[in-house]
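Working notes for the structure below.
Going in written order, the chains are labelled A, B, C and D, and every chain counts its residues from 1.
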Amino acid sequence: MTAEQIIFLLTGALILVSALLVVTVRNLLHAALWLVVALFGVAVLYAILQASFLAVVQVVVYIGAIAILFIFAVMLTRREMRDTGPQTRPNWWIAALLGALVLTGLIVIMLAVPGADRTPAALPEGLDTVWALGNALVSPEAYVLPFEVASVLLLAALVGAVYVAGVGKKS
Amino acid sequence: MNFWNDPINFIANWLTGLLTGWGLAAGLATVLVYLVGITVLIVFAMLLDIGLVWVERKVVARFQDRLGPNRVGPFGLIQPFADIIKLVIKEDITPANADKVIYNIAPVLAATSVIALWAILPLSSRIFGVDLNVALLYLVATGALGTLAIIMGGWASNNKYALLGAFRMVANMVSYEIPMVVTLLIPTILADSMSVIGITEAQRGLWFAVLSPLGAVIFLISAIAELGRSPFDLTEAESELTAGFNVEYSGMKFGWFYASELLHAFTFGGFAAVLFFGGYGGFFGLEKALPWLTNPFIEAAVFIAKAMLGYWVIMWLKYSMPRVRIDHMLAFNWKFLVPLSLVLLAVTATLHKILIVLPGWQYALGMFFSNVVIVAATIEVLRDYGRKQRKAAEELAPQAQL
Amino acid sequence: MHNEWLYIGLFLIIGIIVPIVPLLLARFISPHKPNQIKQSTYECGIETVGESWVQFKAQYYIFALVFLVFDVETVFLFPWALSLNQLPLFVVLEGILFIGILVAGLVYVWRKGMLEWV
Amino acid sequence: MSIPLSWYLILSAGLFGVGLYGVLARKNAIAILLSVELMLNAVNINLVAFWRYLDPAQMAGQAFAIIVFAVAAAEVAVGLALIISVYRRRKTVVADDIDLMKW
């Protein structure tokens, strides 16, 4: 077993354990912080996969923005946080069963992917993945349309979210 | 390769050779060499941090017409060590209702988020941790961890003032992150690189502060807000929030919040130097005539001096400006800095693309004057706005006197 | 490339250990005599009123929301800024369109009065 | 690089399963959104792993992952805004109690 495999296994275990804690912990703020740990683990995976841009963006966007938003939301709706009742539905075992079923189904499907046991070739010589990504995102024969549509989507989300949560000055 | 031209690689090669000579595997030897290098770098940063405590106290004393520490050792130089001993032997009080685990993690995370910046800080062209090709985003990412540390500390203390301070601080930090990220894009465009070494090397001939002075100013303002220093120091609003998010912290845990704030300020001084003021280099081509300027030790000295200067500017602002109210602060960001920085980015990108074909000095002149025009237009818009506001106030005034 | 992230990982690990060492040291050599008054919440000497996890203004949430959208969009501009030099001029226009959409969102939020601190 | 592709796939399947369990079992609407984030990340791991293992010169996987980031941000922004809006009106964040549209 190589060092890289050990690092992967440790990270994977960290991700899965903290993900389990996200869905089971009673205190919602702790759940949000465990989510941060799980997301950080995913960033480590991206780094192992040599997707350096995605690794840092994962931290900037997920931990720096999305997790902060979650924490704010938890604090704004705090009364529920210390709810003494159960945090799961009475029929949680159905959910567990479904989750396990999907998990086994996915594993069966994914192991059938051709070349599932392959190890990656080295990155092409002189390939700057960040530069290539930027090139792909803005060149018309690649992904410029999804790129612009993403910004429109975010604009729509901003307008919708601000409208829904609206607490500003009533005009 | 000799020690004076390339000290890090020289020592690293020597150590690797030594370790592999003892029969260690090459991979393990590399990891060990990394660990040694990292430990030395972090210890250097920590020693510098201790020095910064002294600098900060001396400088604030001079600003306030006092002497500052002068009893312990010559010029009070031993004072910070006395401070540390005091902090370590002080009783560490944890509030009874605190969320203990998060309460203990927060100061460590705050310190780590600042220390992590040193991994990419280029002290010289040959003395640096690592030259990431996404270094600028790494800078933003560590800021995200710092934000998280503040909200964890504020929440876990189980104190309304701490939580309120954390909320304000986080609202402040995340808001000012936007103009900061936008101004980080400007050196990226100008240097065509996101790595700190690439950006510094691109400024060999001319600093980016000349090509984009407005960008440098916006970066400095948003960096100060990101640091949470005065005039944006809502964490330390003693009169209204007792002391902000760290009010319940005592002993060394408080010490880490304090130490990381100082080191953060210095590090941001360093990054301002890297991004806009030529970093370790930027001698305007002088190094061709005087080759000794590219010696790594000279470069490191230049870098530290520039970072200290940036740190001094941050202190200068801190100790001469009053605190800004939170609504003013957020309005200043969202209604002024964000639109301005976005306009600046659009103009810089367009002009850079058009003017790059011109000879160097025409290009530089064009970029500089585009900034001047933006500043002039901004001032005109603000003046117009102010005039309207005054008029509205004057129309209301007679009724108010009744 | 790969070693860079190994370096960063090791750096983070040492960066966590270094702050912990003085804290552990302090734990061993500092006195530890807790009592109820000492451990009570500090509110300038006044008895604590009500519970500490009080309700906050929803305004904080609005700012976090606007920040989230802007953060994601500005981060996406980094690949654009990097590839700007090698690509034709209209790529700049794409970026400016992107920024324009961003500004439109800002203008909307501004006009709705959501940036006011009420 | 000696990690087989299947390891990533199994890990992401596990993350997806855990997220699915959370979405179905948690009562609190914010907790449900947290679980959705886990599922989105599971998808992203797969996208990036396939990019790295199949054709790293083609940036399709990374570009897709970036779009998923944008979608996740939009989803969180709108989802949490809805939850806060409901909370302000009805003082609850329990998903089962938000049943005005159910009949």
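FYI, contacts are C-beta pairs under 8 Å (C-beta built on N, C-alpha and C of every residue); 3 or more make two chains touch, one makes a residue touch a chain.
Note that the structure is a prediction, hence the values are computed from the model and not measured.
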item: Central chain (by mean CA position); value: C
item: Between chain A and chain D, centroid-to-centroid distance (C-alpha), Å; value: 6
item: Approximate Å spacing (C-alpha centroids) for the pair chain A, chain B; value: 28
item: Approximate Å spacing (C-alpha centroids) for the pair chain B, chain C; value: 14
item: Cα-centroid distance, chain B relative to chain D, in whole angstrom; value: 33
item: Residue list for chain B, restricted to those that touch at least two other chains; value: 132, 134, 137-138, 140, 163, 167, 170, 174, 177, 194
item: Numbers and ranges of chain A residues touching at least 2 other chains; value: 48, 50, 52-53, 55, 57, 60-61, 64-66, 68-69, 72-73, 75-76, 79, 123, 130, 133, 135, 137, 147, 150-151, 154, 157-158, 161-162, 165
item: Contacts with 2+ other chains: residues of chain D; value: 1, 66, 69-70, 73-74, 76-77, 80-81, 84
item: Chains that touch, pairwise; value: A-B, A-C, A-D, B-C, C-D
item: Chain C to chain B touching residues, read off their complex; value: 3-4, 6-8, 10-12, 14-16, 18-20, 22-23, 25-27, 29-34, 36, 38-44, 52-54, 56, 60, 63-64, 66-67, 70-71, 74-75, 77-78, 81-82, 84-85, 89, 92, 95-96, 99, 102-103, 106, 110, 115-117
item: Chain A residues touching chain B - in the complex, by the definition given at the top; value: 3, 29-30, 33, 36, 52-53, 55-57, 59-60, 63-65, 67-68, 71-72, 75, 128, 130
item: Chain A-facing residues of chain C, complex; value: 1-2, 4-5, 8-9, 53, 55-62, 64-69, 71-73, 75-76, 78-83, 86-87, 91, 94-95, 97-98, 101-102, 104-105, 108-109, 112-116, 118
item: For the chain B and chain C complex, residues of the former touching the latter; value: 30-31, 34-35, 38-39, 42, 46, 84, 87-97, 104, 107-108, 111-112, 115-116, 118-119, 129-132, 134, 136-138, 140, 158-161, 163-164, 167, 170-171, 174-175, 177-178, 181-182, 185, 188-189, 192-194, 242, 247-248, 251-253, 255-256, 326-327, 330-331, 334-335, 338-339, 342, 345-346, 349-350, 352-354, 356
item: Residue numbers on chain D that touch chain C, as the complex places them; value: 1, 66, 69-70, 73-74, 76-77, 80-81, 84, 88
